[in-house]
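After this come two complexes, each holding chain A, first together with chain B and then together with chain C.
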Partner chain A sequence: MLQGALAGLAAGGLYAVLAVCLTLMSRLVRVVNFAQAATGMVGSYLAVWLVVHTGLPEWAATLGGILLGAGLSAGLGWIVCTWLAETDTGTRSAVTAAVLLLLISLSFILFGNKPQPFRPVLAGPAFQVGGVVVSQVTVATVGLAVLVALACRLLLGRTAVGVRLRALSERPTTAELLGIPAKPLSIAVWAGTGLVATLAISVVAPSQSNDPTSLAMLVVPASAAALLGGFRRLDLAVGGGLVLGVVEGAVAQSDHLSLVRYFLPLLFIVALLLWSQRKEVWDAAR
Partner chain B sequence: MRAGVAALAAVALLASGCATSGSGDPIVVGSVNALSGAATFPEASQAARAVFDAANAQGGVNGRKIEYKVVDDKGDPAAAAAAAREIVGGDNAVALVGSSSLIECEINAKYYEQQQVLSVQGIGVDPACFASPNIAPVNVGPFHDMTLTLLYGSEVLHLQDICALLEIAGNTLPAYQAAIDEWSRITGKKLRYVDATVPYGGSDYTSYIVKARAAGCKAITVNPVEPDSVGQLKAAQAQGWTDLTWLLLTSVYSENYAKAVSEAGAGVYVPAEFYPFTDSVSQQTKAWRDLMTSKHIPLTSFSQGGYLAATYFLDVLRGIKGEITRESVTAALRGMKPISDPMVGTPYAFGTGKAHHDNTAGWPVKLASGTNKWEPAASDWLRIPKN
Partner chain C sequence: MNTLRVNGVTVARGAGPVIRDVSLELVPGRITALVGPNGAGKTSLLEAISGVLPIASGSVHIGPHDLTRQSRVGRFRRGLAHIEQGRAVFGGLTVLENLRLTARTGEQVDQVLALFPELAKRADSPAALLSGGEQQMVVLARAFAANPAFLLIDEMSLGLAPVVFTRLLPVVSRFAAEGAAILLVEQFTHLALGIAQDAVVVSSGRVTHQGPAPDLLASPATLHTAYLGESR
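Up next is the complex of A and B:
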């Protein structure tokens, strides 16, 4: 069971990174970005395309893919900030769901449905704990999740840009009237989360199933993790991602529970929603 | 009055679908394929079309051209049912040739029986392709392929402690279990461990790999689609499990897959359902390779299946004396003598059986770590012993 739990930690680390990105997007630009993992997927596919078709070295192509992923996310952010600036969170989030479907379809059209020759950024085991192997990818994703969460916390709490971002998040109209450049800052948040998501997926994609759908749909377990922190708290988002990955890994060790594994994020989401609504009376909760 | 009765009779015949084509009309042949959706197999019908085009360029069959109708089932049951009805009911096809789909047989087998039309399937995948009197695939199929891959692992590579990770979609578990039982019956050996809970399209297979390693497996047989298999190999690599042998199926035998796999443990072995197309200098595949290359059709197992289906069908068609209709084509396929081809280890005959699961030979190929290239791993066909 311990082996299984540790085996799930790599997936958990990835969920945690994406959950941090989702939380930042929700807090700072009022969007639940369903296309968060999909933009990362497209970035990592573009990196492979660059290696195969332009002959770029692996590291340069990976870097190019990460920047393209950030650019794609920034472009989406520009569209949302330009035409949907005054709309509510639901509408803005619905746009990203459409983008998710668009990006999955587009990747099948552009890259086909055959396996792509991803080359590992990291491969092999990092160390063993009591005979249980912890892979390099696990160390990288868990480390990245913690690092990104801490960096964001420092950025938001200790820097002038962070204060401006928080002002935009809490009182967007007041912040704009005070002269805070809302649109560039919002697009920067989109670009930043796009960059981090593409980085994480570029590390993980070569070491697991990497077809467009399975990568893009990583947003489901990531949403479950972000929901644990109410799309507000970064620490709980990280914790939620790691716990979800570990539980999935542990459950897969049991023949009876194994089938439940892929429903776990959905069960997690339903349970959290019910818990968060527990004190609501019927009319208010409707 | 007499003319009116004759006209009415002609209309009635047409309406009942019993009209026979005139001698100059094309012979309509159909095909149901997964051409769009997440898993697509376009090469089988492309290859069959190339064979028919070549025949038409030489004057057709008895002066009649072949009109090949290819319909997309989109991986969707409703679309698959509609596709069959369009071809069989609407276009009045004499037979189906070179179909390749994940769901088509399951959905349409009963309909083909009702309509008394036969399908020379290019690539049969689901169990119904091998359990219908009206469908006879030219390929080995995943179930015999699993028996073959296990036979190769235990009897040729002499591997011990073989485990199975099965990705079960729909009702395929009994068919895979029967394939494993067949191997046990032949060899008297048992698998160390079977995990039938491995999901299709999973994102991370590490837990299943860790579980198999803890169970003491030395070799693993899987029935994967390409992306899943890539994920499983990468998961084993991340765990540092480098002495594991993979006994896989033809579903992963492609050049794309070889390019995507850099670390293959102690090797990936597959009994190719047709003579290995990656052996580019082989005489066995020359005719097929020349035609595919001239038409820019990808060289894959799927295009081998489509090519063979169309080639066998043309052979049967040319032997028909008299009018070529659905009835005469059905009778000719039922009564055909086995046709041999160097690309397969088992001669093909449609026959009168209640099920058609007769291709029992594969040619082992190997993908070693760091090569990104498939190599033949045998000098002859590997066959499932009859008794």
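Up next is the complex of A and C:
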């Protein structure tokens, strides 16, 4: 059970990284980015394609894939900032759901519907805890999640750019009237989250189901984790991702419960939504 | 000396035009009171000047520079600031963070805090926790810290006790005296006309009177006629 839980920590780290990205997107540019994992999937697929078809060194291909993920995300951000700048969160998020489907279809056309021959960026054990092996991938993803969350906290709280981003997220029109360049800053957030998501997916993809749908749908457990923090708190988003991964890993060890793990994120989301609405009066909640 | 010129501006909002063929000029060192009944189009005119609303026809210039197609950020960089209706503070930011958004130096922050000593005591408080009057002070101080040449102020008194509002008016006058051109939209017509040098009355989206503010203040009949939409 402990081995399973620790194995699940690698996936949990990935959920946590993606949850941090989703939380940042929601807080700073008012979008629930359903295409967050899909852009990472396309970027990591490109890396594999570059290695297989061009013979590029793995590090260079991975770097190219990460840059493509960031570029794709920035491109989507440019579209949203240019044509949907004054629309509400629901409309902007709906656009990203359409992009999610588009990217899954595109990856089927470009790369086929089979898992890709990923070569591990990281492999092997990092250390042991009580005889249980903790892999390098687990350490990398959990470390990346914590690092990104801390870096974002510092950026938003301690730097002039962070203060501008917070102002922009609160009152975009007022921020622009004060000379804060909304579009470049927003696109930078899109690009940054795209970069981090692609990096995390590139690290984890070799060690888990890596067909296009599985990778793109990582946004579901990531959303569950982000929901724990109300799409506002980075620490709870990280915690939620790790807990979800550990529970999934532990459940996978049981023959009777292993199928349940696929539904855990959805159960998590339903439970959180019900919990968050527990004190709502019917008329007010509608 | 640059002026801000609004030339024959028409603004459409929803079904049709809310501002029709409005022209006015803001001159450095002077306050222009823009008054009129509710729904006359005062806020829409300010929003068109600062770029919140698109201009259907006409133009806005600062000196030789045409701002009509410029972004909001571009207009701000030309020296135009707009204080929106309803105490537009960034509630999650502290008072200091609000001010540092526009101030280039610590000295500028100190200067605006000297205008509002109440704020200095609450510099590290989130702006959302301030009283309505203090929040309006933050908004004014933030605009002053940018040192704009042209300042549009929309309904500064909204939701404030009159005693608080009358505390703010002299600060606005002083800022104009230091060289800024101010366009002041205000529901308290007499208070606005009392500190302004120029007056513009709009009714149903059209300018119905333009002239010296003291003259309009001294002639209630003229003001009444202009409010009813009859040009003189």
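We take it that the second predicted complex is superposed on the first by the 284 of 286 C-alpha atoms of A that agree within 3 Å, B and C clash if a C-alpha of one lies under 4 Å from a C-alpha of the other, contacts with A are read in each partner's own complex, and residues count from 1 in each chain.
Simple rule for what comes next: contacts are C-beta pairs under 8 Å (C-beta built on N, C-alpha and C of every residue); 3 or more make two chains touch, one makes a residue touch a chain.
On a predicted model such as this, the values are computed, not experimentally measured, just so you know.
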{"item": "Chain B versus chain C as contact partner of A:Val163, first or second or both or neither", "value": "second"}
{"item": "Which of chain B and chain C A:Arg171 touches, first, second, both or neither", "value": "second"}
{"item": "First, second, both or neither for A:Gly143, with chain B first and chain C second", "value": "neither"}
{"item": "Touched partner set for A:Pro57, first chain B, second chain C, both or neither", "value": "neither"}
{"item": "Touched partner set for A:Ile180, first chain B, second chain C, both or neither", "value": "second"}
{"item": "Contact breadth on chain A, by residue count: chain C or chain B", "value": "B"}
{"item": "Shared chain A surface residues [contacts with chain B and with chain C]", "value": "none"}
{"item": "Interfacial residue positions of chain A with respect to chain B in the complex", "value": "3-4, 7-8, 10-11, 108, 113-120, 123-125, 133, 135-138, 206-211, 213-215, 217-218, 248-249, 252-253, 255, 258-259, 261-262"}
{"item": "Touching residues (chain side chain C, partner chain A) in the complex", "value": "50-52, 71-73, 76-77, 81-82, 84, 88, 90-93, 97-98, 100-102, 142, 146"}
{"item": "Chain A residues within the chain C interface of the complex", "value": "160, 163-164, 166-167, 170-171, 173-182"}
{"item": "For the chain B and chain A complex, residues of the former touching the latter", "value": "38-40, 195, 197, 199, 201-211, 214, 226-228, 230-231, 234-235, 237-240, 254, 256-257, 259-260, 262-263, 372"}
